[in-house]
């Protein structure tokens, strides 16, 4: 494959950007900055993917990561003390272990990159990666795709159950009572009063 | 070749962005005057004098802002607007960025705009700006799904995620007629992206200007400029996705694109002046419960239409 | 080439945005502390505004992530839709129906209301 | 010179004015809203002129100094019927409402052309708490959450949230008395968690409002009912204009103000009402929140009481109104939406009464008890009711809280009519201010 030199230059620049901003994630005190440094890192990787002509995956990366890092920032700010890092703090723990783990993984990945033989079967020039991805979804991978739908539905329901405080029948801590089946009747689908001893009816 | 593929598009996008942003201010001023806002001097001069005043005004600071994010946010918003405009095909050959997945790239511009607007309000470290920023995120995360559905709708008949193909697929009939729900839904997305009019949750009056309430001088100028530029970029995308982009008789393609952009802008600005601000909570419910199902319908419509 | 063009466009726009801010700022002294205080109509805050901000729509954001994950499958699907015809309609119809259940459930549980 | 060219251009811009709404300053601001070339802005950062419209009581001078210092350079101050702060003795002062727009524009132009220096900073350049060089890292902070990093402490969690019980940080701020979204003069200590109001403690009551002199005359001798009713409609239209501006409906706010300005018995409200309904003001903006129960509604009185279903209107005790077959309009819901429906209905009713009364030349008969637009004036004038919002606003989101506040008319009625200073031709209401302060 031949490609212009400028692709190499941009690859190096972007790779550096990805690594540096990834490193900054752990150095900055502000949760918002950390989230968005991670976003910058992902964007740099996304551009590299586009350079590798994986155009859909690269652009999808921007898209997904923008939304996800935004949500991550919201939650980090919500639940971390000192979210803006007004007082400096140490963001990393277990230094020795993490350094060792980092070095080990780097060596392994570097070894894989250098030692393994990459397949060399050039693709036809007119191949449209997006279309082939679509055909794959409608072909062999259809079952996987539909199961992904079910998994995501489960995720959604789990998310709602765990996080939504406002129930269908009123706020959670107020005992969220469903209405009766007939007007003025007892709450539907609830154990009857006085059953709190633990003996539930089995219907 | 360099001239045609690099220099010309770059100059074109820059000029359209700056002139477009100026025209946004002019048209908005004219609409305001027509609707009864008292005005002195012409609508043509007002944006310039306003800009000049902002340039002479001191840039404000807050007690402990996130300096870099605060100054970067308006510039990045402007850069996103430029990216958005860059995917718009001005003619079959004059396309600044003709990526195979330019429709998805525009989607990521929308997603990143939310990040940038949030950053602008967050980094000021003041109460009213912060509330504006968080409110905007609720809106930004809601309109994005609608926009995805609507744009997938236009990608169906084109069989491509490329805006130039989307325009080409409208040769027979424009998408605005073929998919009647598409453009109205997409216009709502546009008002949301630029927090204009009814969706001005970020910089609204009840927050004394929200995320912009603490900025002044040049920073505010860039912020307002970027907001207008984003409206221009959006109108370009809407013109290509629904109004047949460069297609049209007699006039050259780029001129058609710009005329259609002006039309979209006028409609957006008029809507912005006519509608009241939607309450944030109601806005989220509206987006998910009313507009999202409508965009489902739009997609199904587009699918059926494309197969027939 | 498209990317290079896009890169230059980005560079110009961001540069313009920063330059307009930076040029007049060079000579400007730092505003005084009273000027930098947050505007609250003459009132004052007790603390910094940065805090563990209580977001009222957090279940919605989580729902969005799940939904968006699925939407990313739809772009490739859109490209082959006409080619594949009814098969594509059926598959995506099923997929969307599954996910709509999630939205309807979330709506019923009041996820889109402020918590 | 590039710079002089820029400032010449800047001098031609419309004048961005941040209004400090003092006692009896509203009327001038309504006129300014309709003046071309003047733009009233919501944040002092967006202004080149600080306009103090109306008197400011001495105990709020500190707040005024703080707002004054928040305008970015270059800026000028203008005092409309108000005593400038002692430090700004040479500041421009205007008492004639007709001269106000001209003075504003001249001030802006002189400022831009460098003929007038920027107003000096009044407060010392000191952080709220000393921080430089203090603490662990020299930025004033200690440990994770302690100290005063960059001059202020960090927010700590105080209470569980009143809606979902999460214990996240709450922010406590004092708002006002010059926040443009609040009624003039209202100051409060507010705790927010997220954008939800957790507690609201009103610290300063809003400034007493001056009614048109016809209402005060009606307490002394019979006055033409047509005049009385037009003044009432005018009052409500001006309140409506404020709320519409807040809701982002600049156009309808102006329409409402214009209608108020040229109000005659032949004026019609239908156009405005139709446009309000069509643009979705009632559905999108005013919520079902801000509900007042009977006790609270009675405390506020007037429109708010009738919107909550209390059929209380002193006009029904007046025999002349009886001849006009007057019956009070009421709503039942008592929330923000009902209050605006009620306001519109009352404006319409007033216009209709004015038409009828003008035809028949009717005069009011009872002077002991009259219904002012603010509420019943029997034994005593309608008093300050801002206490009710302490119970009403907690639990509302910021947006809902502001919309609710705009729909409530809480200020006491001043003992001075609106145009007293103009008619007496004397310098602005220092006397009036002093009297107001005694009352407050």
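All chains are identified by letter, namely A, B, C and D, in their written order; residue positions are counted from 1 within each chain.
The rule we apply is simple: a contact is a pair of C-beta atoms (placed from the backbone, for glycine too) under 8 Å apart; a residue touches a chain by one contact, two chains touch by 3 or more.
The structure displayed is predicted, hence computed values, not measured ones.
Contact tally for A-B versus A-D: the pair with more C-beta pairs in contact is A-B.
Taking each chain's centre as the average of its CA atoms, chain A and chain B sit 27 Å apart.
Mean C-alpha positions place chain A and chain D at a centre distance of 47 Å.
Centroids of chain C and chain D (each the mean of its C-alpha atoms) stand 35 Å apart.
Distance between chain B and chain C, defined via averaged C-alpha coordinates, is recorded as 14 Å. Shared interface positions of chain C, i.e. residues touching 2 or more other chains, are given as 3-4, 31, 33, 35, 37-41, 45, 48-56, 61, 64, 67-68, 75, 78-81, 83, 103, 106, 113-115. For chain D, the set of residues that touch two or more other chains comprises 43, 45, 72, 127-128, 149-152, 154, 163-164, 168, 171, 173, 179-180, 194-195, 397. Residues of chain A found to touch two or more other chains are 50, 56, 60, 63, 67, 71, 74, 78-79, 81, 84, 86, 128, 130, 165-166. Judged by the touch criterion defined above, the protein chains are all mutually in contact, each touching every other. The touching residues of chain D, counted against chain A in their complex, run 136-137, 139, 141-147, 149-150, 154, 163-165, 168. The residues of chain A lying in touch with chain D in their complex are 78-79, 81-82, 86-89, 165-166, 171-173.
The touching residues of chain B, counted against chain D in their complex, run 32, 35-41, 45-46, 48-50, 52-53, 55-60, 63-64, 127, 131, 134-135, 197-198, 200, 204-209, 212-217, 220, 273-282.
Residues 3-4, 48, 50-55, 58-59, 61-70, 72-73, 75-81, 83-84, 87-88, 91, 94-95, 98-99, 101-103, 105-106, 108-111, 113, 115 of chain C touch chain A in their complex. Considering their complex, residues 6, 10, 47, 50-51, 56, 60, 63-64, 67-68, 71, 74-75, 77-81, 83-84, 86, 128, 130-131, 133-138, 142, 145-146, 148-150, 152-153, 155-157, 159-160, 163-168 of chain A touch chain C.
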